[in-house]
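Here come two complexes built around chain A, the first alongside chain B, the second alongside chain C.
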Partner chain A sequence: MSRLAVPKTYKLYIGGAFPRSESGRTYEVVSSSGAFLANAAKASRKDARDAIVAARAAVPAWAGATAYNRGQVLYRIAELLEGRRGQFIAEIEEAEGVSRAAASAQVDESVDRWVWYAGWSDKFAQVAGNANPVAGPYFNISVPEPTGVVAIVAPQDSSLLGLVSAVAPALVAGNAVVVVASERFPLSAISLAEVLATSDVPKGVVNVLTGAPAEIAPWLASHADVNALDLVGAADLDWISLEIEAADTLKRVLRPESGPDAAAPALGRISAFTETKTVWHTKSLR
Partner chain B sequence: MSFLEYAPAPESRAILSLREQYGLFIDGQFVDGRGTPFQTISPATEERLATVASANDADVDVAVAAARRAYDRIWSRMSGRDRGKYLFRIARLVQERARELAVAESLDNGKPIKESRDVDVPLVAAWFFYYAGWADKLDHAGLGANPRALGVAAQVIPWNFPLLMLAWKIAPALAAGNTVVLKPAETTPLSALIFAEILQQAELPPGVVNIITGAGDTGAALVSHDGVDKVAFTGSTAVGRAIAKQVAGTDKKVTLELGGKAANIVFDDAPIDQAIEGIVNGIFFNQGHVCCAGSRLLVQENVHDEVVERLKLRLATLRMGDPLDKNTDIGAINSREQLERIRELSDVGVAEGAERWSAPCEIPENGFWYAPTIFTNVQTSSRIAREEIFGPVLSVLTFRTPAEAIAKANNTPYGLSAGIWTDKGSRILAVADQLRAGVVWANTFNRFDPASPFGGYKESGYGREGGRHGLAAYLAPTAIGQSAEPHRVAPGTHVPIESADPAAASETHSDARSEPRPATTKKGGAK
Partner chain C sequence: MSGTSLVTARERALAVLGGEPDDATLRRYLHGIAGVDAVGLEQRAAGLGTRSIKTTSKRRALDTIISLIDLTTLEGADTPGKVRSLVAKAVNPDPADATTPRVAAVCVYGDMVPFAVDALGAAHGDPDAGLISVAAVATAFPSGRASLDVKLADTAEAVAAGADEIDMVIDRGAFLAGRYGLVFDQIAAVKEACRRPDGSSASLKVILETGELATYDNVRRASWLAILAGGDFIKTSTGKVQPAATLPVTLLMLEVVRDWHLATGQRIGVKPAGGIRASKDAIKYLVTVAETVGEEWLQPHLFRFGASSLLNDVLLQRQKMSTGHYSGADYVTID
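So, the complex of A and B:
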C-alpha cells in the first residue's frame, strides 16, 4: 500500500519569508512527461520591487560582515544542500526527466560550487586588489568592494546548477541578490531557498522569484536601486532591450550565455559584481 | 602696486609652431577629412588657433579599417617587448617636447600653464612610461596566462585634460596589444594632433593609432562602428548612457568614466591649513573642469564658519587671467557653452536660496571667465548640490556626526571620488570604507598616478583606468585550449567565461577580419 503523499506548496522567497505572489497568481509546473507537479507562484512587478527593497536592506550587513564570516555562511549552504541531496535528486529527476545519475551529478556539482566560491570569500580581495607604487609620499591601495544589489535571470535549462552557478559568485564579495528562477524548472529554486533560509544567510541577501522572466526582468533592468544585471539565462528573452533599459542607470551588465558551461566557475564572475576602490593616504612624520 | 600684483610673466609661444590647418591622422598620415572643417580657438582670447578637419562616417570607416589592418598584420603579431619599446619611445618624445605640448594645451584649453606644464604633460609621459613596461608582462595582469588583446579600440575623450585623457586611453590599449581610433574633443584637438607628429617621430607602424577630429556625431559614428571591439569613453553621464545603449547587444567591451559630484569631508580635527589648500585644489584646479572635483564641501558644523572664512581669504589671493602667464592660478572656462551652463546652474543656486560669494577677480574683456565661487547655506536637495556643474563653483553643506557625513556624501547617483580630512587615522579608514566612491583621497585631493586605478561607482561609470586594473580593461583571458594568438582562433570556438565580461570572452577572431564585421552581432529582438 502506498502512502498518500503530502505535496509541498511552492511560494516565493523574499526578505527571508516565503510569501505567495501578491498578485495571487500561480502557474502550472509539469514534469518532462507532462504530469502535474505543482502550482508555482507567478511573481509580479510588485513582488520584484519588494524583493529589491529586501535586497537593498540586506546589503550593509552582508557587505559589512567579515570575509571569513561570509565564507563560513556560504560553506554552510553546501553542508545543508549535501544533507538534502536525496530531495533535490528526486525533484530534478521528476522535473527534467533525466536519469538518477544525471540528477545526482547536477546536485553534486551544485554543492561543490558552493564550496569553491565559499573558499574565495577571504581570498578574492588579495587577488583582485593591490598596493600601488605611486610617485609621491602616499600609501595607495586598491580593494574590491561589492557593487550592491545584483538582479539575475538564472539559466533556464537546469533546475539547480544554473541557479547556484549564477547566485553563488554574486554573494562572495557581499552583494545581495534578486534571482528569477528557471521558468520551466522553478521548484528546486524554492527548495534551495529553504536551504538558504536555514543556512545562516541573513534574510534578504538572496531573494528568489518564480514566474515568467520575460515579465519580471524588465522591472529589474529598469529599477534604479539595482546596481548590476546578470542576463546569463536571458538568451531567449529580448535581452538587448533589457541591456538598453539597464543603461539608463548605468548598471553593470553581464550578457547571456548558453550551453552546459553557462556561468562556469570563474573568478571573473566574482569580479563582475565588484567595484575597485582606491584610497590615497598621506604619509608624513609631522 | 600691492604685494600681490606681479608683472606679467608669460610663457613664450615661440616654442610652438602651429599649422594653419590640420587633417585627420589615419594610417600614419595626415589626410583631408570629408566633414566640414571647424576652427579651434583660444578660450582666453577667442583668437582662432587653427582649422581642423572633421571626420564623417566614411572617414570613420577608413580609420577603423586602418586600425584593423594594423592589428591583424602588425600589432597583434609583434612581441610585447617591441610594443613596449615603442611606448617607451613615445614617453621620451613627450618629455622632449613637453614645453611645446604644455603651451599648446594651455592655449587650446585655457588651463594655466603651471598646471599643463607641471601636472598634465608630466603625467602624460608617466602614463606611457608606466604602461610601456607592462607590454611584455601581460601574463601578470591578473587574467591568467597569455591574455589576448581585444582588437580595435574606439576611444572618445573630453576637453578638460585633452592630452592626459589621450594618454590614459592610448597607453594601456597599445600595451595590451590593441590598435586605436581616438577622437579628441571638438574644442581641444590641438595637443592630440601634435601627439600624432610624435607618433610619426617614434615611427609607430601606420594605423596602430589613428586620431580623427570632429564633433559629437563623429564620436557617435566611431563608437557604434561595427568594426570596433572595445569602446572607452570619458565624458558626461548623459553621453555615457547613450553609448551604453548603442553598444547593447553587441560583443563590444566597454569602459565608461563619467561625471561626479564628489564630497570633500572636513572633520573638526582636520589640519585646517592643509584642508583649505585641499579644498581649493579639489574644486578650483583646472577651473573645476574635473570629473572627480570636490564640488560638495561637507564641513563639520562647529568649524563651518572658520573654514568658510579662511576659504574666502585664500580665494581672494588666486590670480585669474592669461593661461600662459606662469603666475596664473585660474585660467579660462573652456567654451562659451560651458560658461553658460555654469552661469545657469549658479543662478539656480541663488534662486533656490543658497548664498553666493565670488572671489574679487578682474574679468578679462575677451574670452570665457568665471570667478571662483562658493555657495553656503546649500540644501541637499538643491540642484547645485546634486548636479555636476563642471566649473569653479563649490557648494558648502554641513554635518554633525561621521554617520551623517557618510550618508550625505553617498546621497548622489554619482560615485567617482571623495575626500576625507581628519587627523585621526582610524576614522579615515572607517569613513573610506563606507564611501561609495572609486577614489578616496585622505588628507589630500586630486592626486593622479599611472599606477593608481581610477574610475567610478554607480552612475559615474564602470571600469578602471590606471594601474594593473586599467590594463585589464583592454584584455580578455585566453581560455584553456585556446591559442594565445587571436588570429589563429577559429571562428565559433566556444570560450568558457573567465573574465568580468562574458561577451568579450566569447569573442572570436579570424584572419578574415580585416574588413568591418557585418552588423549581425545583435540578436534577441528589436532595439
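So, the complex of A and C:
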C-alpha cells in the first residue's frame, strides 16, 4: 500500500514560535537541478520588526545568564544537531546538489563550530578583557559586555555552515540575534530553528527569517532598536547603503565576506559584538 | 469643565426610575434592562477590531490617541519627583517632535495633586484649550473599602487641591450584593463633594471595575446605575485588577452611553483604563467609539484612555511614520 506524502511546511522562527509570514507570502525553493523542494515563508518588514521586538525582549535574560550557563546551552545545541545529522545531510544534498560526503562534511564542520564557540563562552572575556595598570590604588578592569540585538545577513552560498558561522559567535557574548537565512538555501535554517526551539535557548534569543535579504536588510539596518549588523552574506546587496543606514543609529557593522573562508571561526567575530565596560574599584587600604 | 448639577441629575434619575432611588426601585429598573448577548457583543467587538487603519488615517488616529490619554501613575512608590517627570512628559510627550499633541490629563493619587498642579503651572487647564487637566483617584482607590465619610473627605481634599476630575470607585461588594441604593447614594454624595466653593464642579468619573463584576449584564447595570447617579464619565477599571479594559466591555459601556444620549440628550464620557499598551489596540477603541456613539465622542470631554505605557508605543509609531524607519525604546523616556 502506498502512503500519502507528508510534506513539511517551512515557516519563520520568531520569539520561540513558528509563525507564517505576516504578509502571507511564500516562495518556491528549488534544488540545484531546478526541482521543486518546498515553499518557504517570504518574510516582510513587519516580520523583521516582530523578530526585533522578540530579540530585544530576550536580551536581558540571555545577557544576564552566566557565561558558563550560556556555554552549556550552546553546547547542547551542538548535541541536538549531532542527533539530527541524517536530516541535515539529506537536506543539504538535495538543496545544494553536492555529494553525500560533502554534505556530511558540512554538517560535521557545523557541529564542530558550535562546540568551538560554546567553549569560548566562559573564556573569551579573559582574552578580550583586561586588568589595566593605573597610577593609583585602584583595580581598573575592562570587561566585554554584549551589545544587544544583532541583525545578521547569513552567507548566501551555504545551507548550514554559513548560518552557524554567523549566528554562533554573536550568541556567545550574550546577544540576541535576528538572522536572514540564505535566500537560495533556506530550508536547513528552519530545521536548525527546530533544533534551537527544542534545546535550552530561551525564546527570542535566535530569530530566523527566510525571504529576500534585499527586501529585509534595509529595515534591519535602519531599525533604531538593532545594535549591530553583520553583513557577512550581503556581498550581492547594496551593502554600502546598508552600512550608511546603520551609521545613522551608530550600529557596529561587520562587512561582507565571500569565498570558502567566509565567516571563518575567529575570536574577532565574538568580540565584534561586545562593548567594553571599564570599571574602577578601590584596592583595600590599611 | 462639563458636569451636570446634582439637582437636575437627581430629577432626571427620578423621572427615569419612576420613584425614589432605593434598592427596590433600582433593582426593578436595572433588572428590567434586557440581558446582554455575550457572543454577539464579542463578535461585534472582534469585527470592529479588524479595520485596517493606515498612512494618513493612522497618523491622525495616533495624534487623536495622544490627545485622549490620561497619563497615569498610580503606584504606592509614587513621589513628587515621579509626578513632576510625568507632567513633563504630558506637556511635551516627544521632545524631538514639536508637532506632537499634549495628553488630555495626568491622573495621580489625591495626595499628589498639589505637585501635579504646581508642575503644570500655566499648562494646567481645559484640554479643549490645549491645556492639561489634573485627575485624581479618590474614594479609597482602588478597593473602595472605606466609610462614606472617608471617601467624601478624600474627594473634597483632592478637589480643594486643584483636581479637575475625580476618578471614584464604586463599592463592588455592595453592588454585587444587590444594594444598588447604597451605591447610588454614594455616587451621588461623591458628586456633591466634587463641588467647588465657586459653584463649579470637578468632573466625576465612576470606575465600575468590570473585572470584578463577573458578567456583562452586571456591567450594563452598573453603567446605568453610575449614569443615573450623576457620573459624568464611566470608566472600566482601576488597572489593579485583571482583566482590566477589554474591547467588548468598552463597547457595551459605549452602547449604554448611546442609549442614554438617545433617551435624555445628555452626553456621558467613557474611559477604558488598564491593559491598553499598544497603539494598534488603542486604534481599535477609536473605531469602536466612532462606530457606536459617533466621531463626536472622540474628544477629551467624552472619551479618554487611562494609560501609562501606551503613550510610548504611540510615540514610537509616530517616529516610524515621520522618519520612515523603525524606532526603539531608547528614543522615548523610561516610565
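We adopt the following convention: the second predicted complex is superposed on the first by the 277 of 286 C-alpha atoms of A that agree within 3 Å, B and C clash if a C-alpha of one lies under 4 Å from a C-alpha of the other, contacts with A are read in each partner's own complex, and residues count from 1 in each chain.
Just so it is clear, a contact is a pair of C-beta atoms (placed from the backbone, for glycine too) under 8 Å apart; a residue touches a chain by one contact, two chains touch by 3 or more.
Note that the coordinates shown come from a computational prediction; the quantities given were computed from them, not determined experimentally.
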item	value
Partner chain in contact with A:Ala272 - chain B first, chain C second, else both or neither	first
Touching partner for A:Lys11 - first (chain B), second (chain C), both, neither	neither
Which of chain B and chain C A:Arg76 touches, first, second, both or neither	neither
Contacts of A:Asp238 with chain B and chain C, given as first, second, both or neither	first
Which superposed partner A:Arg49 touches (first chain B, second chain C, both, neither)	second
Partner contacting more residues of chain A (chain B vs chain C)	B
Partner chain in contact with A:Asp225 - chain B first, chain C second, else both or neither	second
Touching both chain B and chain C, residues of chain A	248
Residue ranges of chain A touching chain C (in the complex, touch as defined)	49, 52, 56, 219, 222-226, 245, 248
Interfacial residue positions of chain C with respect to chain A in the complex	324-331
Interfacial residue positions of chain A with respect to chain B in the complex	127-128, 130, 132-136, 138, 140, 142, 147, 227, 232, 235, 237-241, 243-244, 246-250, 252-257, 259, 261, 263-264, 266-269, 271-272, 275-282
Parts of chain B lying in touch with chain A, wherever the complex brings them together	126, 142, 237, 240-241, 244-245, 248-249, 256, 258, 413, 415, 428, 432, 435, 437-444, 447, 449, 451-455, 457-459, 461-462, 464, 467-469, 477, 494, 496-503, 505-506, 522-527
